[in-house]
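Structure below; questions to follow.
We just call them A, B, C, D, E, F, G and H in the order they show up, numbering each chain from 1.
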């Protein structure tokens, strides 16, 4: 930052730029530095990293208008937690939008991105699929290869063990589980990779809308497991992709 | 009950017993029947079934006096949740008392009982040992053979799988676990036996004194798992023994 | 397992089977052993033990397709938590399906199973009936005789005491209760049998969707009571049947 | 109140009392009426009704000083939740103080009160005794006859039924219970009297310091049961005494 | 009970009744005594005491059939938590049924009952009215005079103080409050009568469906307040009526 | 900010200051502006506003050293939540320190501050005094006159009403209450001033360490009441003082 | 009050008014003084302060009738938490009613009020807008100038810092936030003004309907932040307006 | 795995090894593969990766004995949550043990490990230091460079912004925070790196032993933040190190 400041002040001293112009640049300078200019080190690695709209709690019109606005300056925009109804209306205005129905994600991707590395997304029950797919599709659109392992569960441990090889080639593992939420601990006992655990609200009774799975994952006796909010597949996919790309970029 | 009543009334009619005597017998009759006379069908199977004192919240004097009282009419009495200090004082008054220190159980056993069948008690961490031992010692004193499998945990799944054969020969399995409490689900996925899950208060933070393990066990996606109160090794051992003896008795 | 391995290796040594064939068998061997081959000791006792589909959270199409798939290799399949609407659609595709409406269970039973032993299912209020029936029908389909005692409740204790004889002939007792959930403790004070307590979400206000009944049952001062998840009649029926059959099988 | 006002104003008009004196009386009048003058209707019935000090959270000096202050204008003062240490210090200053050790109540009673009617205080476990005694001693000091029934519990229902006659002669029943807190429901199913239920913090694990017993009692399916705070024997005794005296007073 | 037994046994001895007949009577005797015969002391005071149906969770047909059944042997039957829709259907079958719409109570009252004594039912907000009316109508139908004081609230304390005289003539006070639930404490500070506090689920946010009001009432620093379940106006009315009638009956 | 920037840049242009010097000033400028320079508008009003140390969780040495450090550049420093033991040790190093024992505050005040306006701090029980005093002493040291009204409580409403005049002359009212926490609602119904409510952890049972009082205050039906954390007298005093001084300063 | 009493009594003495008339005045006097007459000091400052109806839980007819009633004696009435449907029906009866749709407030304002001072209302997400607008519109109608700063959030800190100047000219700041609720702490770290924090129920999963944001705000390490109930924009606007007007009035 | 099996079977066929020897190897083979052999891909990267003992809940003797046992086959062993007392006793037996007192970690490191990459560990308050140091020391011992940034907090945002450059050069950021736990969200808004958030139990009142900070972090509106258990610095350091080494190893 010192360099940029020096350069600017020398221009002021030499009269190259006016004091008013310098003030304007100075006002904006610190905030450019905060999180944007500097972060390019990581963000620069990721071509076509999309802008993201959280659709839940927004009207269809709001989602469409925000997406139109974002598409003016972005080639890649996605909307998460989007219903099919929103997609149908949006499609009329933005014909190249596509819908990942299980992931409930609308995407407009006007630029291709080469996928790198590998993330495994594992879950057990069919009811957990929407959350697992939100994680998987998010990571794929953001630039990661994703392998889905959806036929595993604690109740049938042999199926998990049978596919354990697939986990070893991943940089990061996302484990999605509802009910008692024990799967991340079991995977973590078998696989020495960073594990992002996603509790889901699937269950009933003493599940208390996902509290049970959340507590299980936070209390795991296996180190190296970190947890995101209940049903938050997006954040898990986002974080896994960030780690995966950082690893892959450094390979070069 | 009808038979006993008939017999009694006939004695009244014949004058064999006085009306006052009959009234006294009738007053006590229903309550004998409720839970005692009838229950003998099961309780009769179990020789030397001990009386039990819950020591927690009682003074040393209270524990000693209750035990002395019970020993007047029982050959086998145990006190659970008893500290070593209580034991030392009690030992001076009741020299044949023995102390199971890990289980925190004082026992006075003046009659031998043949152990039958088999219960497996499994746990993972050393901190869960007092609860596991309370379950194991309770079941042994009440008449069951117990095999302890204490070197297993979700974080090192291979150790559990390595000993899986031992579970197959048991009539009932008790699984004790703190922290995330996932062990019963994992055992339940491998072993088709009745499983009694005991959550412990071992852990910290979002464990909330055992709530985490309790919820995990209640929400298990594996059927055939039932849960007792946090740290309640005694009730687990009591129930497992009841099932085990019922199975064994029927073998004859 | 050692025996099977020895046999296999001797065949390799003698050239009876090829190395590739042996590898394939070895890969699958451990997982066969884990929970399947060995478990036959118990599972072998139970003829026609059904496969189970948890319908809640699945579409009608999903339930139908999974059931059709399972029926290819099973003579007995049930679907729990199934609405009448699902049943009507399924019936068109699988005409021999039957519906237990109070239990919300669809069953296709193409093989008869002799019922053994006895389980008592007790509950008090009419609102608890769906959960009690889920437990009862599950146990019946899996091979147990079930006696329903539905006209008892803590508020009218004499009705319970009047039928206490019926409990004494059971191997296992399932007690279903909502609101304050005190019934299992009361039954446990009268009957010395393994008791599986099922809290229900019936109630309002400080019931907190079944939390009240759940805590009551976990804290019972009567030993020998184990608890399953709120409204989980299926797991209670499954576990009770497992114990009941184990007892009966050993009778022979 | 209109009467008193009229009388006062007439005295002003007639000059019998000065305006300043009238103002003083008027300032105090409404608050006398609020809760004090009027309440005498009930409070007048109760001779020697004591003043009460809640000792918990107060220093020994504070308890002693407040009691000395209250004794200047009251013949009967009690301090609840008082330790024996506080009593010993207080006894040096107030030699006629007596201590109810199980109830943890210090009392100075310089006027006798005839006890009326009858309250039953029932509890099961020895650990619940301090709370039960706090209720019983409070009610006795305030003017009620109390019958203690401490040898009853849900786990041994016959002992309760054996003593059921004693409940029928009471005007009010206080039921104290920890752990699962089912006793009030059971008593309420047998006895058609107003029942005041007192949950205690006795228990462990999923008892959550009395929450379990509290919820059980609030959710009782038996009407006519009202609940006070966990461990609040004093308030139960106070309320029971109020009802009991109201009934007895009306008998005359 | 001794008397009845003696009488019965003498008839057996004299041959006045057969042994079989005696057995039948003896079998039923204890349960008649438990809660029924004896309780008559109180229940006998109350003429026309109605039978009660809790409609919530029952179908319209179930409510109608249970009521028809009860009317065969009762002159007075009520159904609580009944919607207007249920009432309309029931009215076609039972033309003399009446509906208390704010209280959500259907009543069939074929016998008049003289109302006695007085209960005050107080509440603040209009949203609390259904619960307050459930309490008030319950108490009226069961035989108490009820005065409603519905225009009071903590936010406008003067309105409460203005009507304080009305509370002094009641035997029991029911205070219904949602949101912060402070009204019972305020009334209890002004009125020395037994107070039954009814928390309601009225409110939002940190109210947590009535938990806030419930905790406030349980923690009241005013002694003599007892609490029923959230929204349970029926139990409050039932208990208040029981106390009120007991007081009034003793007046004679 | 524009003005300061312009001035600085003109000095650069004219060569009055070096570019390096300008860079240093610019680096610090934004953060001076963020919350410090600008805030002087309010903070400038308050002479001798003290620095604050939160002592809880710090060792005696840490508290002393931080205070010595702060006193190098401040004339007024306070430490909250300080025990008497900490004070005694600190006093040896900083002889002009004073201790407010009920408020648990150590203060070193080397500059006098004129107190302005008026804050009322009200509470009921003696157990709430430490929190009330923390609020009162904080506000006094920071520059407000404080009137304490400690003899009021919901259980004795007339005492509160008797002193209601004192509330009317305050700019802000702090109400401290434990147990059911109803006092802020009652005061808010009588006094149209900003009310800062402070729940305390005083109570037991269903108080749950202050949760009860906290929920009561958040759910108050009286608008104009805002709540701080349980036992956080300091924050209440700080906020009340801020409002009080803002009002008083504007009077000039 | 003494003065008014004296005056009244002198009129009685002189016969200027009758005793009956004096009694009537005396009966009403204390309550006029409680909260009404005296409070005029503050309420007198605020011209056209509206009456407020909380619509939630009321029928359309009830809202309309209460508003018509209030308009007979008030020139300014508002209804909060009102749906558009209610507004449409009400508009037919009260044509000059206006609707603030985002704030869900219906207002009838037949008298103008000069707005004074300044309140800032800040929030981040679009889902928090209804709560923020309820606060803002409430404060505006009650007499405050409001500046809305809705484009700020913790995830994009630079946008907040960019607008920090706007906060410095406010007398009070309202910060509305859902999800993790961190915004008030961040604003409080930058702005030395009284901050009223409003948690919203916006979020999902471990948000638990606003509990997460509520706890965050209560635990803020920044002093000077007070919290209202979840989603209670009205109370925040009411309190902020009260403080703002008090400051502004004192300016004169 | 196929390769190893093939090799083994060929040796059997050729008679190179006996069948018994082959059985032994086969029995152990699958479990070697599960998590051990395969994981070497990652674990092989990390030289001197230590074995870890969780000391809490273990006696001093247990910790010493386990460490002595582990040191027989490991050059690097650490014990977390170890008090100074344990260290002193252990030091007598293992003289080359060192103690990281703020981190409460005992380490015996008999082999050097080159530190790679960079992890930032940030926290605000001094009370959070033990948790932050546990994370930092864990990561350092496991092979990462760690930069500590401990002088930042939400209440003084400028200090954080001033050091923001330090975050940009890290591969992973650990943010430790108690009380309201807002720091991870703020850092996440400024820094586009994987963030591991560690809530601490520091705080009081509505903090509920860390629940407040935990919920804040789980609900963060900033994506890319994952959370570990309350106070679990070890797991955060373990996971951060795993990611950091994976990134660095790939650089080669």
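Methods note: a contact is a pair of C-beta atoms (placed from the backbone, for glycine too) under 8 Å apart; a residue touches a chain by one contact, two chains touch by 3 or more.
What you see is a predicted model; the values in this text were computed from it and never measured.
Engineer: Using the touch definition from the top, list the chains contacting both chain A and chain E.
Structural biologist: Both chain A and chain E are touched by B, C, F, G, going by the contact rule given at the top.
Engineer: Count the smallest number of chain-to-chain hops linking chain C with chain D, moving only between touching chains.
Structural biologist: Minimum number of steps from chain C to chain D: 1.
Engineer: Would you mind telling me which chain pair, A-H or C-E, is linked by more contacting C-beta pairs?
Structural biologist: Between the chain pairs A-H and C-E, A-H carries more contacts.
Engineer: Let me have the rounded angstrom distance from the C-alpha centre of chain C over to the C-alpha centre of chain F, please.
Structural biologist: It comes to 61 Å between the two C-alpha centres.
Engineer: Between chain A and chain G, what's the gap in Å when you average each chain's C-alpha atoms?
Structural biologist: So the centroids are 40 Å from each other.
Engineer: Can you compute the centre-to-centre distance for chain D and chain G, using the mean CA position of each chain? Integer Å is fine.
Structural biologist: Measuring from centre to centre gives 42 Å for this pair.
Engineer: Please set out, as single numbers or ranges, the residues of chain D touching at least two other chains.
Structural biologist: Correct list: 1, 34-35, 157, 161, 189-190, 205-207, 211, 214, 218-220, 229-230.
Engineer: What chain pairs are in touch here?
Structural biologist: Result for touching pairs of chains: A-B, A-C, A-F, A-G, A-H, B-C, B-D, B-E, B-H, C-D, C-E, C-H, D-E, D-F, D-G, E-F, E-G, F-G, F-H, G-H.
Engineer: Enumerate the contact residues on chain D facing chain C in the complex.
Structural biologist: 124-125, 153-157, 179-182, 185-186, 188-190, 203, 205-208, 211-213, 215-222
Engineer: Looking at the complex, which residues from chain D come into contact with chain E?
Structural biologist: Its residues touching chain E are 1, 33-35, 38-39, 41-43, 52, 161, 164-165, 168, 171, 189-194, 196, 214, 218-220, 223-230, 234-236, 238-239, 242-243, 246-248, 250-251.
Engineer: Help me check something: in the complex, which residues belonging to chain B touch chain D?
Structural biologist: That would be residues 30-31, 34-36, 56-58, 62, 199, 201, 209-211, 214, 229-232 of chain B.
Engineer: Can you name the residues of chain G that touch chain A in the complex?
Structural biologist: 126-127, 157-158, 161-162, 202, 204-207
Engineer: Touching residues of chain B toward chain E in the complex: what are they?
Structural biologist: 1-2, 5-6, 9-10, 12-13, 15, 19, 22-23, 26-27, 30
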